[in-house]
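In the part that follows, the structures are each spelled out as structure tokens.
Shared chain: subunit A. Partners: subunit B in the first complex, subunit C in the second.
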Partner chain A sequence: MAAGSTVAPPRAGKRFATVLQPTAMVYLALVLLLVAGSVLVGIQGGVLLDQGGILNILTRSTALGLVAIGQTMVILTGKLDLSVAYLIGLCSLIGAETMAGDPNMILPAVLLTLACAAAIGLVNGLVITKLKVNAFIATLGMALIIRGYLESVYTGPAGDVPRAFQHLGYDRIGPVPVSALLMLALAAAAWWYLTRTKGGYHVYAVGGDEEVARFSGIRTDRTIIKVHVLCAVAAGLAGLFLASRLGSGAPWVGVDAGYDLESIAAVVLGGTLLAGGRGGVAGTIGGVLILATLDTIFDDLGVTPFFKDVVRGAVLIIAVALYARRRGLHR
Partner chain B sequence: MMGLTDEAPTVRMLGIGKQFLGNPVLRDVDLELRAGEVHALVGENGAGKSTLMKILAGVHRADAGTVELAGETVSFGSPRQAQAAGISIVHQEFNLLGDRSVAENVYLGREPVRRGQVDRKRMEAATADLLDGLGERGISPRTAVRRLPVAQRQVVEIVKALSTDARVLAMDEPTAALADHEVELLYGLVNRLRERGIAILYVSHRLREVFDLSQRITVLKDGELVTSLPTKELTADQLVRHMVGRPLEALFPDLATETECGPVRLAVRGGGNARLSGIDLDVRAGEIVGLAGLQGAGRSAVARAIAGVDPFTTGSVEIDGEQRRIDSPRAAIRRGIAFVTEDRKGEGLALRQSVRDNTLLVRRASFGRARGLGALDLAALLRSVTLVSRGPDQEVRYLSGGNQQKVVLAKWLAVEPKVLVVDEPTRGIDVGAKKAVYDLLRGLARGGVAILMISSELPELIGMSDRVLVMHEGSLAGELPAGPEEETVMSLATGHSTAEAA
Partner chain C sequence: MSEPTTAAPESRPSRRIKLADGTGPVLAVLAVLLIALAFVGPAYSEPSGYLALLKRAAPLMILAIGQYFVIVSGGFDLSVGSLVTAEVVIAARLLDGDEAATLWVIPLLLCTGALVGLVNGLITTRLLVPSFIVTLGMLLVLDGAVFLWTGGSPRGALSEAFRVVGREGFEVPLLGQLPWSVLVLAALVVAAVVFMRRGTGRMLVAIGDNETSVRLGGGRVERLRTLAFVLSGVSAAIAAILLGGFAGVSAQVGDGLEFRVITAVVLGGVVLGGGRGSVVAAMAGALTLEALFSLLNLLGVAGGLESAVQGVIIIAAVAYAAAGRFSFRTRRST
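For the complex of A and B:
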């Protein structure tokens, strides 16, 4: 019952990789990477996928995964959010400072952090839709504004996360961190939203062609604002998670890890079209896992960070070239 | 059943007037649409057709006059309200999302919801019912629209309009993007819709369609109603005269006389590639040679090969008697070959750039100062193609189709080509602009340019060509002298007869 099997012309003889859906390609690539990584690490006498290795990959995936889920929604509408990295730092500070070591303040702190994040996403969305500022510029501007605020107010880590909240960052079931499960639960919710609900359909429609969506009666502005709010909230969750790992808020925690461009890379690696309208969360999670696995393998092998970046860049370019080729064949 | 006159009209528009920024675009226009009738609306660009249609569909509000739907006066503030009342538009440009499925497109913005989720089953079943109702069983509701051929996308567009229980369907140039054989499919579809009692407003530049499909024709000119008559009482000649004030034959300039034809400028010997084989043709200076054939016979492939887009892989090309290697558009341009593609917006123009930048595009890109082209008088060039624009700084996307095509021609005239290949030069442009393009082409031929012209509209091809070459399945099936009968061309094109080769 594959969609389109009745009409699509037969395409016999197409090469394997070009026939697969991008999502399947991502996970196939992930498996190949895990196998190759295990062999390479094994040659050096280590084990890639032992308890520590799995834990490492999943922990690395959690913060990036949270941001990338939000970024996926934004990119599906054909926009970008460059403000997430500074927003993560800001949110870690709001959370940690509001908690100030008091376990009773956990819930208010979480709510306040997410509300602030949502407000910033709302501003992003309004600037893009009402002031008609290109999303790239609007969110870059927001990033600079947040940076200016952080630089003038903070010189280093601030706030204090109570022990109870640190459990969020460190508890695990076997080798699987609880936070990673929460991230995957959020991914599942996003997947459901995008593929099953009317709002999700409209996200794809806006990214596919904003004019067509508008002429079909979709309130495109609302959709764009909504995805920016959701993306900012996802960044807020990442900030809270990082605060629980660090035990305090840290202004540069998001920027140092490069979560703005990294999240875009993960989304694109996962097969979502940067122009919007095509892709999804499932692929993004695959992209996140690939990036985290690469990092873990390189750490195990003791490769220099410079070479690491070279490989990551090459992987990204090759992946997108493969998708472009696949798309070209289907025209 | 077909009591056309005693039934009250489904839609009655009376005394419609509309101004934009003080410019009247419609004055006192009446229009009646009846159930089960195709009503053709014709006129040149700027005559007010689309404005009238948009008033009907709730995009614009009329300044004067009334719109009645089934006897009741209505006034729509938005397309949604019009849709809810049963009036839908099938747009000229496709309003579809390529990456979404047929069903998702049909119900875009109106997805049925069940327990918080989109009810995909219901959506797909309803879409399948609509498709079945139109006899279109070949389209699966789950197929991505991107994978459908253009004609089937048109069907999806129509199904989308029908899915709102439309009683009135306005179709804006529905065949503009379709190939010949696809137009036949659309005919069947329109007739089935008519039989179902839907009132159809049909806007088209193609006169043949208007006569084949409509029961009544309304002609607009300069925002005013010229006439509204049953189709039976009109001939094509009368219709053109109503539209432009000239008879049909007068559209085509005189053919070349023997003295006007010079030496052979373009010669192809044994040209072939993946789609073509054994192409031999000559075009002389001063001559317009028509290239006829069915869709897919390889007409455009010949044009693209000569222009270096998809070059010949065998055989040779001679320009002014010298053999030339033409393996890229740049090589072709530097040898003096100009190519007006059939896809004006996609391949012919940089839509968001100005008239000036588009006009100078080829000249700047392919020729250095040393090429010996004299200084260019842009204003004179644009005048010579009778371009109507707000000035050289206007972005070409805001021009009408006819004026866009004039910019494409100007772009090539700016480099003084020796050979001009034109593929569907009048597609989607109005009669007045067509005449201007015909005159331009003939004028260029008189100036010594060799022109190879492709057109799917046979009357146009026959009216313009000094010789007609007919293609069949990637080869030349024969050559005919000026003014052949349409049947002769068609029998060659379908492979039923072979004429003596030249």
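For the complex of A and C:
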């Protein structure tokens, strides 16, 4: 089977590839899902894409989208970040505790939170590049360290988010939440960075082959550290968003939602290669929207939450199997 | 327990590293921890204390054997934690306290584990999906499917006969009570060491080191990598039987085990990406982790710090191993 498709006529393969880029496939799948979902929900007498439905899908997408944008950059360099889930909880706490209900403290709190997140990303990046620890282990270790801190210091929600900051989580323009727009703006910025700047090209180069990138004169260490810092900051933003939704900081808000593995799933679902070097933010946002739409459809249909997990797992495996087939196998 | 690796056959001196990378340090750390336990805990002044430690560590060590096969051949198995939970829940549901059913439920559990491993392996090798994703998907599917089947919470009960292996032991002169789980563990250790010294085991390591050369050399890469996943699934089933017996039915029994066992294997000097490390060292890593937790417990360290210490140790262990090697390979597996 493997040999069969590698020796397939290049013309046919190329045509197929140009017709259906992974990103296009993701959005095609999203449209199909929305249509199928609308029909299914319609049969039960509901409407999937009414104002509430759109709001629901976009709200669900916001936090995961923020994390997944950062995760995309890390995965593009061929690394992983497993520490984001605990980092989200930590950042929600730092933000909420610094604000402590005082509207004047919003800006300092946001800056402090993002600075802390960046510091943790920096440590991740340094451990990976300077101590030469595998990214999986380095970020897993960081996750355990943050978890230990959260477990020993916090017993439950803490801090207080002022009403002014809660607007960030709840305000909307028509059916579109402001926070979702901010998330999409960040995605656009990340897309611009990855596809239009030198730094972005370096990210792809490092993911494609780290040795070759190094020999080409790219400072691979800097690139890797940079993406880990950006990923941690994105997780910090997700933490702040969740704090504004909840009204306080919650230590386990990121872990309970499984944002570490979930964000990796969204990125991979969006057509980014787990080994790095290929993919992009646009696909990731598609992946995030697919996951959120699936959730919303299942909620509307009243399916048990356990079935959701089964479908999610199956969708993930099938999607990646399709990408692998289409890529003509094994890079 | 470490003798099998150190006593390599003299006939082929440098064919394979006698003491695989990282084996030395983990054994040294383990020895220090075991001695420290004797000073700190009065229970460790006699063999029974250490046997109890082994009994606690047995499930993790068995999982480490399975995970070692997968990691050394260049993959990941993230599904073991949820597989353990699934197996325990399935056992409770099928047994429902019926002693007579034990005889067919245990083989059924082993088959389920093998089947899950087979599916993981086939999707990884035939559909070319990275094993990280396959087993992540499998984790989600198992988590959902089991509770879909039982309606949200574990039902039924384990039979007494089922729980004997994880809980009971038999009297041995001098040592006191020897737990069955330690006996099971010993049998599996011997089996794993023998397996790794024969052609199939060596081929598995070779695949993790350089898949292409094994394929060009005529090795059946797909079949062997699938075998590694099957073995990992079976090890999860055995660990589930021990854990179910030891701790009873719970929906959280396997929570976080996948990362803990990967920690253990990496602590044993096995390199993620494959091709380096020994199975005995992987098990020593698991035992070291459990010994460390016991020590922290005895020293009265708060629960929260336990995971922080685990985090620091895992990073330090890999950094140490990387510093010792000239070119550390961070290859990603498929």
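Keep this in mind: the second predicted complex is superposed on the first by the 309 of 331 C-alpha atoms of A that agree within 3 Å, B and C clash if a C-alpha of one lies under 4 Å from a C-alpha of the other, contacts with A are read in each partner's own complex, and residues count from 1 in each chain.
Rule of thumb we're sticking to: contacts are C-beta pairs under 8 Å (C-beta built on N, C-alpha and C of every residue); 3 or more make two chains touch, one makes a residue touch a chain.
As the structure is a prediction and not an experimental result, all values here were calculated from the model.
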Practice problem: Check whether A:Ala189 is in contact with subunit B, with subunit C, with both or with neither, and answer first, second, both or neither. | Solution: neither
Exercise. Considering only the touch criterion stated at the top, classify A:Ser152 as touching first (subunit B), second (subunit C), both, or neither.
Key: second
Exercise. Quick one: classify A:Ser216 as touching subunit B (first), subunit C (second), both or neither.
Key: first
Practice problem: Check the residue A:Leu274 against both partner chains and state whether it touches subunit B (first), subunit C (second), both, or neither. | Solution: second
Quiz item: Just subunit B (first), just subunit C (second), both, or neither: which does A:Val39 touch?
Solution: neither
Practice problem: Look at the residues of subunit A and decide whether subunit B or subunit C touches more of them. | Solution: C
Exercise. Could you tell me if A:Val31 is touching subunit B, subunit C, both of them or neither one (first, second, both, neither)?
Key: neither
Quiz item: After superposition on the shared chain, which partner residues are touched by A:Leu107: those of subunit B (first), subunit C (second), both, or neither?
Solution: neither
Quiz item: First (subunit B), second (subunit C), both or neither: which does A:Ala205 touch?
Solution: first
Exercise. Would you tell me the residues on subunit A in contact with subunit B in one complex that are also in contact with subunit C in the other?
Key: 330
Self-check item: Residues of subunit C touching subunit A in the complex
Solution: 78, 123, 126-130, 132-134, 136-148, 152, 259, 262-263, 266, 271-273, 302-312, 314-315, 318-319, 322-323, 328, 330, 332, 334
Quiz item: In the complex formed with subunit A, which residues of subunit B make contact?
Solution: 79-80, 83, 91, 95-101, 104, 108-111, 113, 116-118, 138-140, 142-144, 146-148, 152
Self-check item: Contact footprint of subunit C on subunit A as seen in their complex
Solution: 1-2, 78, 127, 131-138, 140-145, 147-153, 210, 261, 264-265, 268, 274-276, 304-314, 316-317, 320-321, 324-325, 329-330
Quiz prompt | Residue ranges of subunit A in contact with subunit B within the complex | solution = 3-8, 196-198, 201-202, 204-205, 208-209, 211-213, 215-218, 277-278, 330-331
